[in-house]
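Across the two complexes that follow, chain A remains constant while its partner is chain B and subsequently chain C.
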Partner chain A sequence: MARRYDSSTTTFSPDGRLHQVEYAIEAINNAGTAVGILAKDGIVLAGEKNKPSNLLAPSKGPEKMYKIDDHLTTVVAGLTADANILINNARINAQRYIYTYQEPMPVEQLVEKVCNYKQAYTQYGGLRPFGVSFLFAGWDEYHGYQLYMSDPSGNYSGWKATCIGQNNQAGKNLLKNDYEENLTIDAAMKLAVKVLVKSMDATTASADKLEFCIMTTDGDKVIQRIVPEADVTKILEEVALETASEGDM
Partner chain B sequence: MSILQYNGGAIIAMTGKDCVAIASDTRLGLQQQTVACDFQKGFKMNDKLYMGVTGLATDVMTLSQLLKFRMNLYKLREDREMKPAVFSALLTSILYEKRFGPYFTEPVVAGLDENNQPFLSAMDLIGAPVSTSDFVVAGTCTPNLYGMCETMYRPDMSPDELFETISQCLLASCDRDALSGWGAVVTVITPEGVTTRKLKGRMD
Partner chain C sequence: ENSKRAIIQKMDTILALKGDGFVMMAADCSSARSILVFSQTQDKIKVLDDSKLLGQSGPQCDTANFSEYIQKNMTLYELNNNMKLSTHATAHYMRRELATALRKGPYQTNILLGGYDEKAGESLYFIDVYSALVKVNFGVHGHASNFLLSVFDREWKEGLSVDQALDVVRKCVAELRTRFLIAQPNFIIKVVDANGVRLVEL
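For the complex of A and B:
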């Protein structure tokens, strides 16, 4: 029944669904997991790198994290090619805002701009939607630290903690149980590691497969720090120790 | 009355031994009436690159904001800082884009390249660049500026000597120009860091 209504993005199915959008979301569920957690004084973003072959040249920078502006960054899950278009678009929008208003773009406004761009591909043009979901993390002086999730439909929502990509349901369940308000950055990092370890399942988590970005402020200035591999290994070890003793009476 | 002389201004950029300095006056006028004495004409583009812009004040502001826009995007996409020569090339390109409706500005670029070698360039309002190894000048009193710099410049000055020389050149030149002066700012860029000083000159 869905067959007749699923090949065009611009047509609703009789049961009120946009199948192309749903299929796009399915595509993302095969991509590397990404998780974002709001801490008391910062945001932790983490992603699992997909390494399909050892012959791949090592990347010179982060693979899943992309800086949009000094106060805004994002983790991607889905088709990288699609993501590149949207990230470029986001960067230009952020700069345009500064050019016009001489102050940084508020986080939600940027997210909405990107989402409105995505929405157009679900309503007109006959082009397929973007197969990407984002976790946007940012700080502005009006609303402080914010974490937003946006998907191919152009919908977005603010979260305290969430994850996207492979096994995101398992990750979300873990977050539901273990997330507390006002976590410290370190606690949030450990929680992010736990989520990724859980979603990576059969494969063993190692520092070279994970990427972390911590966002904090120093007065008015926002600092984004990609965590070096050595520190990631340390945290992985700490988490392994903690979870190992969790089952003990 | 030329549009490039409506607001007034003067800028010098000079090289020293492993350093560059850029000096600008801070007058903003509406022809003969002085309106502000703290108008910024020198803009920091990054830790080792400064741009000075003279000419019509609105275009001075717009051009500096535009360049900031382009530099930020470059930094995000290429994950590195823009070299002074590249910045200069970008600036000429932006100016020529408006060949038949130009920005009424005459910018000056001063910086240290990736090997901390001094770089200077200046261009006209439609982006014709000139890159020299000693000094570049721009503004409403360029004959004065050229004369002063040609007389007082010597190669391989230390940062302190450079500061003295560029300051005296600017102050003396502006004193003979009704449209420039009313305060000055001098920035010296070295591999170790940047020092910015305000000069006390004639406020007339």
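For the complex of A and C:
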């Protein structure tokens, strides 16, 4: 019965909703899960890789993680083709800022710029919204480590820990129970693994299906590290051991 | 090309030096064109915000236009982003604007930007009409630089107190009064530090 008002992004429905935006947000719930966790001295980003076929050539680099600038990185959930446009936009904005101010762009300002770009597609032009949600992780000298989530509506919010994509509600519940302030990076990684294991389709999580990026600082320099598969396997084993003995008295 | 603009004025004296936790800036107060003096009480040191001083030399049409443009954009940045631009970012922003304008419609303005930031402490930037930018311990613009750079070379050292810095400025003014052809009877002196901007008596 709301069909009449569905097709155009630039029209409100009678009950005050933008259906196209809501449908776009729905599209992301079918995508591979991504989780981000703020630790005491860094940020952990993790994502579930989608492997629809064994014939797919092995990826040359990370699949869901994209570096925006030296101090800023993102995990994607949703339509990859849409994401590429927005990531390019984010990278250009980050460099534009350095071009003018000779300083890295403060994280929230970058997120807001990308979100304002997304918002335009919910208000003018008659084009559909972007079917992507992002987790932006970054560090700047003004606010330290920050984690932001943004969705197709162009809204964004800052989080201590959150997840997007498939089964994100289950992931969020787990985070609500298990997240503590001032986690170490290692503890945050284990928590991220737990979240992904819970939200993944396959019964067995393996390192080749997961991607991790750890962000830390060394003085004023930000270090981004994609965790190698061997280390991911180790953490998976540690988490499996812990969960196996969790119910023991 | 407008031949009037091709003549670069160097009559204004703007000088500045870094001290221990502050930047002191001084400028002459004459506003003149050719042989006519409009005013002897012109303030050439703009207070960009409570932690930055902008000293400019050149024709007022360009200095006023440029400084107001920068200042309003800085205010816009502050309102949009809930934070102030650092002195470093401001200096580079100014340089970028000057460089872009250079081959379109140049601003004839020499700049000294002095600021105090919580993290970086005191800093002083020298930008010339061609938008060359250098971070310096002391700087002078105009004909006065021919006389005063050597005074600074001799007198400046790391960690000057406000009184010591003021003494150096007095020496600069004395040098100009002795050797500079153009009489500049009045000087305005400002200091920026962690507590903000204040006026200082010569």
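In the analysis below, the second predicted complex is superposed on the first by the 246 of 249 C-alpha atoms of A that agree within 3 Å, B and C clash if a C-alpha of one lies under 4 Å from a C-alpha of the other, contacts with A are read in each partner's own complex, and residues count from 1 in each chain.
Here is the rule we go by: a contact is a pair of C-beta atoms (placed from the backbone, for glycine too) under 8 Å apart; a residue touches a chain by one contact, two chains touch by 3 or more.
Worth saying up front: this structure is predicted, and the values here are computed from it rather than measured.
Visitor: Would you sort A:R96 into first (chain B), second (chain C), both or neither based on which partner it touches?
Guide: first
Visitor: Does chain B (first) or chain C (second) touch A:K67, or do both, or does neither?
Guide: First partner only, chain B.
Visitor: Touching A:Q109 in the superposition: chain B (first), chain C (second), both, neither?
Guide: In the superposition, A:Q109 touches chain C alone.
Visitor: Once the two structures are fitted together, what part of chain A is touched by chain B and by chain C alike?
Guide: Common interface on chain A, chain B vs chain C: 99, 102.
Visitor: Name, in rising order, each residue of chain A that touches chain C in their complex.
Guide: The touching residues are 99-103, 106, 108-109, 141-142.
Visitor: Can you list the residues on chain C that touch chain A in the complex?
Guide: Touching chain A: residues 81, 83, 85-86, 88-89, 92-93, 96, 119 of chain C.
Visitor: For the complex, which residues does chain A have touching chain B?
Guide: Touching chain B from chain A are residues 60-61, 67-69, 88, 91-92, 95-96, 98-99, 102.
Visitor: Within their complex, state which residues of chain B touch chain A.
Guide: Per the stated touch rule, the residues are 65-66, 68-69, 72-73, 76-77, 79.
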